[in-house]
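Labels run A, B and C following the written order; every chain starts at residue 1.
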Amino acid sequence: MNPANYLYLSALLFTIGAAGVLMRRNAIIVFMCVELMLNAANLTFVTFARQHGNLEGQIIALFVMVVAAAEVVVGLAIIVTMQRTRRSASVDDAHLLKY
Amino acid sequence: MIRLAASETLIPAPNIEYYELSPILIVFGVGVLAVLVEAFLPRAHRLHAQLALCLTGLVAAFVVVCTLTDEAQENARAVPQKVAAEGAVAIDGMTLFLQGTILLLGVVAVLLLAERRLGGEFAASAATVPGSAAEKETTRLGWVQTEIYPLLMFSIGGMLIFPAANDLLLMFVALEVLSLPLYLLCGLARRRRLLSQEAALKYFLLGAFSSAFFLYGIALLYGYAGSVRLSDINAAVSGSEDNDALLLIGMALLAVGLLFKVGAVPFHAWTPDVYQGAPTPVTAFMAAATKVAAFGALLRVFYVGLGGAKWDWHPMFWGVAMVTMLFGSLVALVQTDVKRMLAYSSIAHAGFILVGLVATNAEGLSATMFYLLAYGFSTIAAFAIISLVRDGSGEATHLSQWAGLGRRSPVVAGMFALLLLAFAGIPLTSGFTAKFAVFSASASAGGTPLIVVGVLSSTVAAFFYIRVIVLMFFSAPVTDGPRVAVPSLTTALAVWIGVAVTVFLGVLPQPVLDLADNASFLIS
Amino acid sequence: MGNTSNGEAVLFWILAPITVLAALAVVGSKKAVHSALWMAMVMVNLAMFFAVQSAPFLAVAQVVVYTGAVMILFLFVLMLIGVDSSDSLVETIRGQRIAAMLAGIGFGVLMIAGIGNASVDDFNGLTAANSAQGGNVEGLAALIFTRYVFAFEAIGALLITAALGAMVLAHREEIGEKLNQKALSIQRFKDGGIVTPLPAPGVYARHNAVDMPALLPDGTASELSVSPVLRARGDVLEPDDSVAAEASQRAQLGKGSSS
């Protein structure tokens, strides 16, 4: 098997994630699709590290994991806050923003 | 004791140029101190401590940036050129110019954030549910969410790294460091909190989406070049002919992430909603400083790293610049909300700045940097003025409410009119100088069609700016319309600084133009 | 090293289709909880891909950080928000799904064609790089603390921001004095409402579970005895069926004994 197959797989996963972001309307699922995209990018990094024979790609993947963890904390905090607000009395104006 | 076996190699200690990096380190250090202030100081003293700390830190960092520029000028070269921190950070003319700009805009932003007289723009306690008893109680007690200051400092720190990053990994980290605090700050408005939180969520989801594209672009470029350092990528680009597809797709995806931060069409959809929903001081800061940092990164990636592939990305940016200018100007015409109008105008301005970028010569670089400085100060002052026009329920941002404002408060309306004229690019304002610099750089690089489109959309834009001025000065005031609140000293200072810079750069632009010319130098 | 070992090929061809199907399920699941579980599966599979591609440290980090921390955080938040919440961020745009799917397919074809076009055949392998410093972890450490040390430092700012942000948005400080148990119980009686614990769910001979409401003395179902979450999900049974069944059975039993 040619290791380039990993690249096809990661491209496929990235595309599925991107399509999911556009298709779903639940904020948490959209966010999970973004995580899927980041994971796909990590697979690409690791595969290219193997191709080039240097560890830079693995380092980047490690950094991406840390960044993603921080991003998840912030994102979920925003989602939880908004959910709390929506449930309270002032739900009257739920869709204030246009689009 | 752990003893190393003789065969094991020791990692050589990294070489870190603390002096060259000190603007960044000072800002991060102040951010960390500000967190400690939150933890250990009693609530009553926090606000003043934070203000003193942040302003001192930003000014100190700015002084270091100035001395760095100065020292380099004493040595034969006009600009410093050093790659710091094991080659990860490029300290060159562009870095220092943009870092200086960001730090000054940061000072103005801190002044805006500190507004207390109008009741403040931020929630007394962001964790309380809107409308709850706890919210009323915290508001009554006069609490302030002083965590906004460390968040702002971290964001500024990220912005200082972003245009200086010499490898794509550091650039990605900087992108996140500057964005995460902004997502949070967007959701902390005091009034219309659900709108603000919705803006934060929308900004966050779209921002995370775009940074995923950015990351995949990095992955493909890594696959292409075998390294993420810009100089290595440049060597790979100019060295070989094969593997073109990885380069092209990677480049396009990288551009998606950066153009999103800049707010260029077609990645602009978040701009109006987020600008409208976020607390006005945050909007002001975002509109001014994020653009500076993101354009800096765009310049560095595409000039330094992908300069050899210029003919591949050049047409793409041409198209984006044209569409952005036209779209921003045309859609701004039909807006009825002042904040949304300025948001679309900022999209149009992103297009004008891109015109400077696609010139791809030293002139274009210096014009772009000058434009960023001029636009940053005008826009931060314009949003500051918006936060002053209020009625009973807070800011009055609907355009119809602004009718006749010039008769009631001629000074403030006059200043706003001046800023609008600067946006339109009328002579004797900074906007004119900036647009002229950008267009002349483009002309020397053969960008005549771009200039035609640029002038055309400037004309369209001038129409709606002047419409607002006419509305303010020549139409009858609405009854029980909003009035201009008297702000505290800090906001007034912020507005005056913005207006003064706008006028100064319009009347006497030469010193700053020279500075930008000297600084238009990139190293890799 | 153009080709991989047979073992790796077998692993790939088994796991890759599973990963793709799981990813599709993340996007396609109706319930967010199911999406999260499929997501965990994708992540574990990726960890295995990392392991076979000479990245053992990343494989462990992937399981610990992603599957262990990130996905669990997702699940926590889903539980916190509750299953009855329906949140739609974007308003429905006509034909959005079709457009998104077409855009996705177009993008995917472009990417795969691009990678296929590129010459990525000559794989060097990581044997040399991994052994240069003594091992994979040592090699990574050498890079982190030299070439990427500044990014490593900058990431500290990111982590502080995340912690601070979570505090700002979620930590509610106590205002005024904290109520003790006595004050709380007085408050409860003052407010009226239910002062006793809520009634337990119904326990019948045939149906012993939380989704069966208890019966009040007059024979009607008690709303309070089942969780509102179950009710919102539509998972609550009606006691009538069960009671009727029991009654008819009793009647039959009665007949049997008389005859």
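In this section, contacts are C-beta pairs under 8 Å (C-beta built on N, C-alpha and C of every residue); 3 or more make two chains touch, one makes a residue touch a chain.
What you see is a predicted model; the values in this text were computed from it and never measured.
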{"item": "Category of the chain touch graph - line, ring, star, complete, other", "value": "complete"}
{"item": "Of A-C and A-B, pair with higher C-beta contact tally", "value": "A-C"}
{"item": "Cα-centroid distance, chain B relative to chain C, in whole angstrom", "value": "36"}
{"item": "Where chain A and chain B are represented by their mean Cα positions, the distance between them in whole Å", "value": "25"}
{"item": "Inter-centroid spacing, chain C versus chain A (mean Cα positions, whole Å)", "value": "14"}
{"item": "Junction residues of chain C - those touching two or more other chains", "value": "89, 111, 115, 120, 147-148, 151, 155, 158, 161-162, 165, 169-170"}
{"item": "Shared interface positions of chain B, touching two or more other chains", "value": "126-127, 169, 173, 176, 180, 183-184, 187, 201-202, 205, 223"}
{"item": "Junction residues of chain A - those touching two or more other chains", "value": "7, 14, 17-18, 27, 30-31, 47, 51-52, 54, 56, 59, 63, 67, 70-71, 74, 77-79, 81-82, 86, 95, 99"}
{"item": "In the complex with chain C, residue positions of chain B that touch it", "value": "8-9, 11-12, 14, 16, 21, 28, 31-32, 35, 84-89, 125-128, 134, 137-138, 141, 145, 147, 150-151, 154, 157-158, 161, 167, 169-170, 173-174, 176-177, 180-181, 183-184, 187-188, 201-202, 205, 223-224, 242-246, 248-249"}
{"item": "Contacting residues of chain B [partner chain A, same complex]", "value": "126-127, 129-132, 169, 172-173, 176, 180, 183-184, 187, 192-195, 197-202, 204-205, 208-209, 212-213, 215-216, 218-220, 222-223, 226-228, 269, 272-273, 276-277"}
{"item": "Contact footprint of chain B on chain C as seen in their complex", "value": "89, 110-111, 113-115, 117-120, 133-134, 141-142, 145-151, 154-158, 160-162, 164-165, 167-173, 175-176"}
{"item": "Chain A to chain C touching residues, read off their complex", "value": "1-9, 11-20, 22-33, 35-36, 39, 42-43, 46-47, 49-56, 58-59, 61-63, 65-74, 76-83, 86-87, 95, 99"}
{"item": "Chain B partner contacts - residues on chain A that touch it in the complex", "value": "7, 14, 17-18, 21, 27, 30-31, 34, 37-38, 40-41, 44-45, 47-48, 51-52, 54, 56-57, 59-60, 63-64, 67, 70-71, 74-75, 77-79, 81-82, 84-86, 88-90, 93-99"}
